[in-house]
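Okay, so subunit A shows up in both of these, paired with subunit B first and subunit C after.
Presenting the complex of A and B:
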């Protein structure tokens, strides 16, 4: 059980900066998800915490101890790799025991922990198999088991679910969440999948270009994206980012000074006029994608030709190139400035 | 799986295309091998006028001859030493290169060069370096108080040929080891580092076991090399001497057959040598390879 503190952490490869100064405090037992597009520095950040990459400048504290100079083994962390990194020549039991044996843990203690981990992960019947005899999901469990038996101060997950098929991924995601809640081990979790990030995280860290864009609970980040990048990255389908010029004078009224882009979630746009004040936009339907319980309606704003996606419940009967009016409540508009890339109202928390 | 097949209606063409390779194999391998087997059952008179079929006499005589038993022993020492020395040194070099591979293409290329050198040239090179009269090796060893003369000291002669033979083979082993090391995923060593294994332990418990298919393959290649391909080297350095100290089987085949003109015995020896290699390889595949799988 431990906290992790990152203080102005930087990493450069030669002259190319990968991580440009990250500050982050992870509370004891918290699961923090680092999310961002590929190349945003999230994996590099995680590998620095693990001790697999050197630190260019800044500090990493695990359980109050500065570990920048410490070997990976001395940091009391366990890592789950994207490709699982199971030792192919050892049995599952051998894989689980390896880290404990290296640390000279007594035999009885090793057996106790291995059996306990095998029980938790339901891999008891696999202990004598080799990794190549296991399915993807089973390998994933063994990789988790190898982290659990160590009883480390922190777990580090490097895109652990990206090699699984979609169905298994959802299932393992739930299991990881339950496991982490049960063990209450401080965890850092890297993913590029924003759905995975939203469902797993106690708090999200959205990264882009080596910098932190926003830190907050999934709801905070979803409801009040602090920057244009976060607004476009979190949420599926993504938030519509509409230049104020396309809104017309009616819609642009009452927005904070400096606003030139307005974000609207697809599900905050309505095709029926709601109660109370709202703005109305004229549009032409492009395409209707029914995806089950709801439909994605692609439209173009009349005048500006701005493409917009609406998420509408059910399967509305809208013909292509039909003319319609879409509505949004003023409270659902997220005002941004394209100059600073940030919100222009003060609601944003970070 | 459906594979695309192209069918040539011409029945003769495949055989014509195969013919050159088949001819080479038949003329330079199958035919001489058959001749050797045939000769090993015959005795030829000193002037080559008459050959008599004598069943296994050449073989029985061979194993009661002290010179041959000695040669068997020398071959064992030579093959094991060359294999161990060249493989361990090349593994060491490969591990060193693997740590810094990106910047050291040049180093790798240089290390590969000795493999392009013919065995006889290797022999002459080392013969010069360790020539008791003019060589740089004995000159420096004398400074350490060691009197080097492989012409009269059998052990020193053996050390010389082992060094020369290993030196040539290191580059070949090195290439395979580097390729093998490259194919061990980085994340495994990283996982082991997090699991608390130091560099040395990581190597022996993770990397080396994963390298075992490469090691196994090289073991077979090296033993075969030491037993067969080192004829030129021995011929150029020690001629099997002094006093039979470096007279390994492959050289003895030559010496008895072409210098001693005892064709029957030489043929029998070459058949035995062939059998030894076949048996060794079979044993390796049967027992070692089973443990290599993971």
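Presenting the complex of A and C:
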């Protein structure tokens, strides 16, 4: 149980900066998800907290103690790796015990913790097997067990689910969330999967190019993306980013000064006129993709040719190249400036 | 590849059988010779079935040797060979494990230079550097000693290289997990790396044991006292008699005895490393 504080944390490989100054405070018991595209520095950040990468400048505090110079084992953290990194020649029990043995934990205490973790993760019957005799999901559980038995101040997860198949991933995601709620251990979780990020996080940290773009709860980040990058990254299908010039004078009215790009979620665009004030755009249908309960409708705006995705309920009967009018409520528009890359209305909470 | 073509499998088996006969026949002949009396092989007609002197011949070689040929009893030479082969194999494995560990897992200045220097020694086997090496060993007063017999043969680029390649296949996360688990460098080496290398160590031990066992030139140079003779050079001494016919039946008995330990090592270690191969399947 502990807080984690990162103060102006930087990392460079030679002259190449990987993390360009990150400030983050993680509250006790909070699950923070670091999300971003490949190469955004999220894994590097996590590995710096773990002590597996040296710190170029800045501070890391775990439980109020500056750990920048401390060895990984001295930081009171446990890490779950993407490929699990189980010791292949040891049994599951051996894997769970190894860290505790190295710390000189008494035998009875080791047994108690191992059995407790095995109960929580339901791997009791696997304790005498070797990792190669386990399935992917079971290995994942063992890797988590190895973290749990340490009873650390913080868990660090480095894309722990990316080696699992889609179904198992959803299942393990739920389990990780439940487990973290139950143990109330401060956690940092790295993923590139924004769905995983949205569902797991108490708070999200969206990173890009070594910098934090936005920190907030999943709802905040989804409803009020602070930057153009976040707007495009979070949400599937991604938010439509339309230049104001394509909206016509009608649509561009009433937007804050400096706005030249407007973001609209695909599900905020309607093909029937809603009640109340709205803007209308003329468009031509391009392609309709039914995906079950809803459909993705690809259209092109007339005049500018701007491509837009709508997500519409059911399976509307729209022929390709049909002409239609799409509507959006002004409250659903996210105004951005392409110069600064930021929102132009009230500054989003961060 | 499973094919149902009778004539093809007939030919392949024929080739195999002929190959086996070519390899095994001389060995068999050596065995037959070692069981006959002294004159039997000089009569011009080579016997193809074992004779009655098996125990006598082997017993004589093991306990007495042939003093006229300047060869001590065989058991001394056999145990010398055994000691030397084991020291060389173990020494090479220990040194190359440690140096490969340093090269792969630690970042230190001139790391690649160190690796290449080790690698270049591959081009300098004992035969090439034999005179300077002899001079060094002689000046250190190591002639006629086990140290002198083994030390110059121990530094091994081949084994270092093999272990390096193996260590490179071990995922970094394993080392990182061990670090998080509080294992220092030597603990990681002992608890994780060594058990994982078991198969490679067994395979290398076989190769290196035989390498040590068959050393001929170097023991010939650095030993003058018969109590340090090795069996391979001993056989040469037995066969090279000046005025008489070599006692072939006794030479062949020595040959068969000299062949046994490597064969045993191969059979025994083979089992171990086949087991290892099956077990560490990732």
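Going forward, the second predicted complex is superposed on the first by the 349 of 350 C-alpha atoms of A that agree within 3 Å, B and C clash if a C-alpha of one lies under 4 Å from a C-alpha of the other, contacts with A are read in each partner's own complex, and residues count from 1 in each chain.
By definition in this document, a residue touches a chain if its C-beta (ideal position, glycine included) is under 8 Å from a C-beta of that chain, and two chains touch if they have at least 3 such contacts.
Predicted model, so just to flag it, every value in this text is computed and none were measured.
Chemist: Which holds for A:102: it touches subunit B only (first), subunit C only (second), both, or neither?
Modeler: Touch status of A:102: both partners.
Chemist: After lining up the shared chain so the two structures overlap, which partner does A:50 touch, if you call subunit B first and subunit C second: first, second, both or neither?
Modeler: both
Chemist: Looking at the overlay, does A:87 come into contact with subunit B only (first), subunit C only (second), both, or neither?
Modeler: both
Chemist: Quick one: classify A:34 as touching subunit B (first), subunit C (second), both or neither.
Modeler: A:34 contacts neither subunit B nor subunit C.
Chemist: Look at A:255 in the shared chain and tell me whether it touches subunit B only, subunit C only, both, or neither; answer first, second, both or neither.
Modeler: So A:255 meets neither subunit B nor subunit C here.
Chemist: Applying the document's definition of touch, where does A:288 land relative to subunit B and subunit C: first, second, both, or neither?
Modeler: neither
Chemist: Pick out the shared contact residues on subunit A: the ones touching subunit B in one complex and subunit C in the other.
Modeler: In the superposed arrangement, which is not itself an observed complex, subunit A uses residues 50-52, 71-73, 77-79, 81-83, 85, 87-89, 98-99, 102-103, 132, 146 for both subunit B and subunit C.
Chemist: Enumerate the contact residues on subunit A facing subunit C in the complex.
Modeler: Going by the criterion above, the answer is residues 50-52, 71-73, 77-79, 81-83, 85-89, 98-99, 102-103, 132, 146.
Chemist: Which residues of subunit C touch subunit A in the complex?
Modeler: Touch list, subunit C to subunit A: 171, 173-174, 176-183, 187, 191-192, 195-196, 280-282.
Chemist: In the complex, go through subunit A and note every residue touching subunit B.
Modeler: Within the complex, subunit A touches subunit B at residues 50-52, 71-73, 77-79, 81-83, 85, 87-89, 98-99, 102-103, 130, 132, 146, 150.
Chemist: State the interface residues of subunit B toward subunit A in the complex, per the touch definition above.
Modeler: Within the complex, subunit B touches subunit A at residues 185, 187-188, 190-198, 201, 205-206, 209-210, 212, 294.
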